[in-house]
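Multiple structures are listed underneath, in structure tokens.
Across the two complexes that follow, chain A remains constant while its partner is chain B and subsequently chain C.
Up next, the complex of A and B:
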């Protein structure tokens, strides 16, 4: 009589989840944890195989994986350095579904505002000119430093900040700076549902966890189609709590921004800054904002229009605060886009 | 061969092999397009580097169109509508006026000369006005040179 050996059954493998941060502030990571106790549901449904901010797996662990072994990768942060690019390519290979998570990965966000200046100016400010810098020898980071212990390496710092989909193929987008917790949970819940119940995936390129209207649609304030005679900055007035901020002359990006946040900022009296990216069916947030603002200016006289427009301190930085890397007109060229173009300072009309 | 109109503004004869600008013109259906049509019927010559896109009103001209034109290789953009007060839709051209003023500031912020965007008013009877606008813009863009967007 033989005793049959019990077959060795591997524990059922769970789908694998990776989260990574490239050029980002870490806010997206916090936002994932903002789903609170539901993070336990995420842990129950997924095997977290890579998440530098929370778990101790190394890049070499990812490199050792098979291609396509990771089921889902939420990639936040823009692509600013050679290391960011390397990780974007690595995770694209290893993950079956790659999601551009948060505004930096989708549109460039705050890091991409340095596309309005040059690499040199950014480094000068960071290592020499900013008041808090104490660097009398003007020491700059080098990609290679030879020490007695060997050669140390730093990634290369690029001239232009790029979005994830400007570097690798991206399957889905979750906008927001950061994406709101209820939206993150809605996305993860959908993914779990798809994995466990075999539901079909949404079409490639879909924007998940956001609305399909503009921020104005969610805004509780009353819009009266008023015309304004001047722009004010938020600290200059105490805004009326119930009427449209744009009607009150405050530059609010609501008309050119995708809905999905629940109108968080405008509800508490702060103008929309545009973090959910361009509105549906538009690719360029800035030019849409030009169209929207031109409708509220109350003048037909060129001189008066100019005077009113002087109230907009920095059109490029304001209209493209979150989408500079995706601007149709490209990065800002301080030398002028051709030999004949004027310097940026000499704005003449 | 076309006979030059007597009030004809001279069309610059570009040298063979010389760089030619590409200029996109958004003309409103009611005044400016008809004006350009009149220029053609009257056999006025205007610079061949200007390509016309007809829109129903200059107010239809979304600033996104201008950015897209530059992205696709235009070196200059002309926007032309009815004279102030004459808009077929009452005030579409006033909207355009405000848009272009703000758009020029935006374009300048990107390091692109605001002279590459030009707003003009051309009525249906101003064929000569259209021809001189097109020629003038082409001359200006030839001076500025090709637009190279940085990516």
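Up next, the complex of A and C:
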């Protein structure tokens, strides 16, 4: 189902708003509450028809709605289970405008780092190999357990974490882990204005609630694009407070990351890790970062370059910290290098 | 045999469900509390640089990201064998105390309070924070919102972000405070402290002054004699930030006091086929199944158990409230006799709230937080480390093993809510048995009273499962054997 870039006119009844969380930590929900008293403006402008954390409506109420009956749905969280996928499909059908809200729904976020390991390794570690697990019989959770009184059920745990738009058609994106409150309000205010004044919607696929530059653009530090001869890790030095962290050799994802957060992390002395997603005109955050690094590494000698790059201790997990589900390199399958493999015994934990 | 499935609204959005089986006489035959989610954090953190863990594990839970962030930073310090500067320690504890007070406020007013202010049988439409504000007056709403905002401001000033703070790393914190910021911290701490005092009044006026509620709290339906775990300082006083882990039995006698690094000598986790969440138990007792009493391996790790495990509170107002709590519930103000009424957890939470607010003020006023000496650069070779903290919902443990470059080889996490998995299961079962009896009608109020048994623990499924999804609301549904919905209730 798609929507056209045509005005949604305000009906006699208020437009309907839904918020949902799939595979997420709950931080996006709290971020919405952080718009504080403006939540009353939201309440005035919309009928909130579905919001599990705050309002008492149920999935069956959504199921009973007409297709397209919900005006706007903000969907946070990634998709890992059949439950998540069912809800994504249901809300896609019922909502005229579906928004991937927050880093998990947009790029997979931290949960998608799970795509660097396997379902088997995850289960083996959790239920057999972790040092606090006492499970000599290797008992595993089962989708069905028959007891004296009846059968107990668990859902399946899937192999891969997916973004919302890898499952259903998405109209807009609001990035961030979590989206910052002022940006959330800016998005809602725009939508309210569109609804109340009959203005056209932004082009489908637009990224809302974020800037159109990079994190560096908002960074208060002075960047001289110095050539660097090696990388240092954040705990290894006390950086100068006023100059660019990358210039000081600390790997900072700012050049590959969309603006919008207000450069919060770098302002308090901590390098960007990319939670606002790929920079404008870039689909792949890691590729963008590699390109950015190529211009700051102080050598033309392949051997020296390699030595400098060796200073980046976890390139995949850093370049794709928040966007692994969208990485063009695809599903990273590191069978044999995760907990649960045979090398495990060599480390005395 | 009749099956009453108190289920999250089908498998579609729930992350916790209760299966109650009722026999042909209408009595509860058995009851299961099921967590149908699994985390993957431990496995996918392998290969990551350990200094990134405070920023990665905070994403386990957006509600208590501070607990994971700081427990992780403490584990990192331990991995690098580094002692952080005193000012850094105080800044971390200041942030954590403010967060802790804010989180307890949220639970007391938004999650648990409505049951008492509106009544456990009140219509669900009124049994929420808005109904409470309507009944208690708008000023109550302002206090709650103001305290939440104050806690968030402190986290923002010290942590850089209100959700998923970023400033703690191996060896200290990246950001100190200016005199201007300190003035703001003191101001916000004052707001938290006033809100804590206000909450004592609400507790007195609304809950303790009502004999019916006191009877409910003291009833056998909501009572279980479990062992109690909590972190204590060198004086045996309750501490939420750091200390030794103390476990006392159901009579208040010490079972063990251990350093966080020795957690594997003291606790282990049991696996069942019907839940993705494991069941921690005390190694001193072994896995004894779902039993209570001093000989059981099960223990609670919650406000109730922390207050039981401690010998007192380190701040004056909290100590006074601690004495009043024990005097009322056990007749012994010293606190030597543990409290076992599950619903008293809400009062224990107020004792901790007062402590956390007082501690926030103490630290905000401490001149040393202005020191620029907030980082120690690690110089030792990283190896292995453990970091513990008292998350609002129980003792949280992060355990890392790295290679000589500080790249993670093993990660083990035992989180707050998980500790309570066994006790929560038993509390729900006992409540169900007490409330569902032959011939009785299963009303929404009855279901809510069953829910109250686990709501007292403030369970956080996002944390417990490190899971994706992580949802804390619970929707419960009672189904007849033919699948017909008898009634439905939800916890938001």
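Here is the rule we use: the second predicted complex is superposed on the first by the 295 of 349 C-alpha atoms of A that agree within 3 Å, B and C clash if a C-alpha of one lies under 4 Å from a C-alpha of the other, contacts with A are read in each partner's own complex, and residues count from 1 in each chain.
Note that a residue touches a chain if its C-beta (ideal position, glycine included) is under 8 Å from a C-beta of that chain, and two chains touch if they have at least 3 such contacts.
None of the values given here were measured: they were computed from a predicted structure.
Novice: Residues of chain A touched: more by chain B or chain C?
Specialist: It is C that touches the greater number of chain A residues.
Novice: So in the superposed three-chain picture, is A:300 touching just chain B, just chain C, both, or none of them (first/second/both/neither)?
Specialist: First partner only.
Novice: Considering only touches as defined above, state whether A:291 meets chain B (first), chain C (second), both or neither.
Specialist: first
Novice: Please work out whether A:158 is in contact with chain B alone, chain C alone, both, or neither, and reply first, second, both or neither.
Specialist: The answer is neither, since A:158 touches no partner chain.
Novice: Contacts for A:178 in the overlay, against chain B (first) and chain C (second): which applies, first, second, both or neither?
Specialist: second
Novice: Which holds for A:282: it touches chain B only (first), chain C only (second), both, or neither?
Specialist: In the superposition, A:282 contacts chain B only.
Novice: Taking the two structures together, which residues of chain A meet both chain B and chain C?
Specialist: 116, 314, 334, 337-340, 344, 347, 349
Novice: Can you list the chain B residues touching chain A in their complex?
Specialist: The touching residues are 62-64, 66-68, 70-71, 84, 91, 94-95, 97-99, 101-116, 143-151.
Novice: Flag every residue of chain A that touches chain C in the complex, lowest number first.
Specialist: Touch list, chain A to chain C: 21-31, 34, 36, 52-56, 58-60, 77-78, 80-84, 86-87, 104, 109-111, 113-114, 116-117, 121-123, 125-127, 130-135, 139-142, 145, 147-150, 152-155, 157, 161, 177-178, 181, 233-238, 264-265, 267-270, 273, 313-314, 317-318, 321, 334, 337-340, 344, 347, 349.
Novice: Applying the document's contact rule, which stretches of chain C touch chain A when the two form their complex?
Specialist: 1, 3, 9-13, 19, 21, 23, 29-30, 32, 34, 36, 38-40, 42-49, 51-52, 55-56, 59-63, 65, 76, 80, 124-125, 128, 145, 149, 152, 159-164, 166-167, 169-171, 174-175, 263-264, 267-276, 278, 280-281, 287, 375, 377-378, 384, 399, 401, 405-407, 409-412, 414, 462, 467-473, 475, 488, 490, 492
Novice: Spell out the residues on chain A that touch chain B in their complex, using ranges where they run on.
Specialist: Within the complex, chain A touches chain B at residues 116, 160, 282-284, 286-288, 290-291, 293-295, 297, 299-300, 302, 305-306, 309, 312, 314-316, 319, 327-342, 344, 347-349.
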